[in-house]
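Multiple structures are listed underneath, in structure tokens.
Look at the two complexes coming up: chain A is in both, with chain B in one and chain C in the other.
Up next, the complex of A and B:
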């Protein structure tokens, strides 16, 4: 029975590679944008903070699938026609940036007020204080929810199959259409997603232990 | 009005003129919303002088100290350090403007502050905690700062803990690191904010001893404390605060033996009663 799966394993693994590429690219971009949004929300003036907040609330309130359709069907009318890979990465990144920004913002705010006082009391100015005292502690606090968001992101890349990107989910669907072995193939797809996410979680656990310091 | 006592002052350090006022606070006032935490506080601290502030919880002692280090904003009055108004400047039209961060930071870097809860940087080892500010704020040479830090840490009895993380230290040790960290900036004024209140009782002595040595070396200090005996031993002058105002100040003997105000008498009576229990 699993021979169908074995016969098509390379195709699935090829799709999985695309999924990994998509995930790495969009997660990196999302982390950068999210971090910038968080810094704006915590330290920006009223205007910048307002813009960042509106962005976060808007994006969190719209389904990713809708954003993908908007990019794929609506953007071309405005003359912007992104290739699906780039468009997919951008949409996922912009979407998850909103979640990442909340992760980072929460972590920055979770660094005790007393640490700010201690740094300021030593004459540190904001930039030094942030880079030496606040962010190193905030990033440790952010690590677990950050990984959690990355896991969600990996799974969400399956949605780009609807705009024709041949990643893991779409590869599986095409094989099923050819072989009709839905159970084995989608079982395999699910297993591959699980392995990807589980490995990430394990690595995060390891990282968390290495970065830990007792309070 | 407060009278500055004429008690003997210790020898000055680094050639500073003894008895010249270093900190001059005039008419300091601060509120949180409706509640007034500081009301018309005026106080002078002279070079080499050790001033202890006592008073019940919530009397504004800590806020006063944080105002001097510019960690709190204040609405009224002014603070001068070595004659220079810090924190705010007054524009020609009389508008009070908070000074830019650069100037606040510069003023803070000359003042050492030690907090009740130590506030060491938990992600840095002891040595790095002590050297980070002199190197990154004052731009001093790392090797030089490190030598100084080792010496300071040895002086507070922690020569063997350079590579420990703060979490591995007892709270008394952490507080001594915090003192060394503040001293590494070579401040001209040290502020202590109830530095023994969060310590295990048996570790209070080791921290007080460090402060005592500093006093003997002629460091100018403002000490907010609940340790009455310590205040009496180490301070040249005691300031008693209640409800955001300075009620009484004077030499230790006068404050503890002949308090003139009813509130101070009550405070000391309650304190002694608590000690007996």
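Up next, the complex of A and C:
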């Protein structure tokens, strides 16, 4: 029975490679945008903070699939011709940027007040204080939830199969249409996702432990 | 290009029909997941090692695979195995299985957050283990997990949109059909997003009220 899976393993692994590429690209972009949003939320004026908060609120209340479809259907009507892969990466990145911003914001606010006061007391300017004292500590605090958000992101890349991007999930669907061996193939697909995500989950747990030990 | 309010108003019943299915799916799935999560956490905390290990493996498996793949596995797998399940039932099953894993972990965090001293004190007062669980651990744990359960519910409402890939006539599917038929993409997706926002905002609001009630109780 698993011979179907073995025969199609290379196809699935090819899809998995695309999934990894999509994930790395959108996670990097999401981290950058998320960090910027977090800095706006903590240090920006009332207007910028308001904009960032509305953005985060909107994204957290709407399914990713809705935004993917919106991109897929609306952009051609607006006359913007975006390659689907790039569009998928952009939507996922913009979506997860909201979650990443919460991660970074929480981490910045978790740096003890005394660190700020001490820096000020030593005569540091805001920029120096931020880059030398606050952000290095905040980023360390942000590491475990950041990795956990990446796990969420990898799982969510499966949604781009619905708009026709040939990654792991869509490869699985195509093989199933040909072979009808749904349990084996989707079982294999799930297993590949599991290997990717579980390794990261374990890494996040390791980071958490190290952080707990350091404090 | 102006926004077609008339179009939205005319098609509101279609969206509402879809929204009702989305609400049905969400409520049924969260209720089932709350019960299933309890079964899983009891197995996870059991003294019988094999059972605890199986539960841990289950939790890791469902939490580290996409719910979309789980839906396909159930829907297409059972169909080709000659036991066809409807799209709605498959989606419900997949959402229950995955969220049961998440909720089991939430329960566990709640139970383990109760200080060991309290349990020792209750035992010292001569309470039986079950009584300690019922009178000391569970009431406190319950209040602590309410926010996390609420967040999980919001995530799950959004995940019900994936049922559209199994042709379940929920909100997302209603929007897809309407877009294919009318090409009024702008109007359709703004309305669709608004529907989801209202639903998730409602749950968030309910959650806030619950939290305030709990804070007042203490």
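Brief remarks follow.
Heads up, the rule we're going with is that the second predicted complex is superposed on the first by the 203 of 215 C-alpha atoms of A that agree within 3 Å, B and C clash if a C-alpha of one lies under 4 Å from a C-alpha of the other, contacts with A are read in each partner's own complex, and residues count from 1 in each chain.
The definition used in the following text is that a contact is a pair of C-beta atoms (placed from the backbone, for glycine too) under 8 Å apart; a residue touches a chain by one contact, two chains touch by 3 or more.
In this text, all values refer to a predicted model and were calculated from it rather than measured experimentally.
With the C-alpha superposition on chain A as described, chain C and chain B fit side by side in the combined arrangement. Of the two partners chain B and chain C, more residues of chain A are touched by C. Vectors from the Cα centre of chain A to those of chain B and chain C enclose 100° in the overlay, to the nearest 10.
Once the two complexes are laid over each other on the shared chain, residue contacts for A:114 go to chain B alone; chain C is not touched. In the superposed model, A:182 makes contact with chain C only, not with chain B.
When both complexes are overlaid on chain A, the residue A:140 reaches chain B alone and has no touch with chain C.
By the touch criterion defined above, A:198 reaches chain C but does not reach chain B.
When the shared chain is aligned, chain B comes close enough to touch A:123, but chain C does not.
Of the two partner chains placed around the shared chain by superposition, chain C is the only one that A:169 touches, whereas chain B remains out of contact. Minimum Cα separation between chain B and chain C in the superposed model: 25 Å. Note for the complex: chain C touches chain A at residues 60-61, 63-70, 72-73, 76-77, 79-81, 154, 158-159, 161-162, 164-165, 172, 175-176, 179, 183, 185-186, 189, 192-193, 196-197, 200-201, 204. Across the complex, chain B is touched by residues 112, 114-115, 117-126, 128, 132-133, 136-137, 140, 213-215 of chain A. Chain B contributes residues 66, 69, 71, 101-102, 104-106, 108-113, 115, 117, 119-123, 132-133, 136-138, 165, 167-168, 181-182, 185 to its touches with chain A in the complex. Those residues of chain A that touch chain C in the shared complex are 58, 60-66, 69-70, 73-74, 77, 151, 155-156, 158-159, 161-162, 169, 172-173, 176, 180-183, 186-187, 189-190, 193-194, 197-198, 201.
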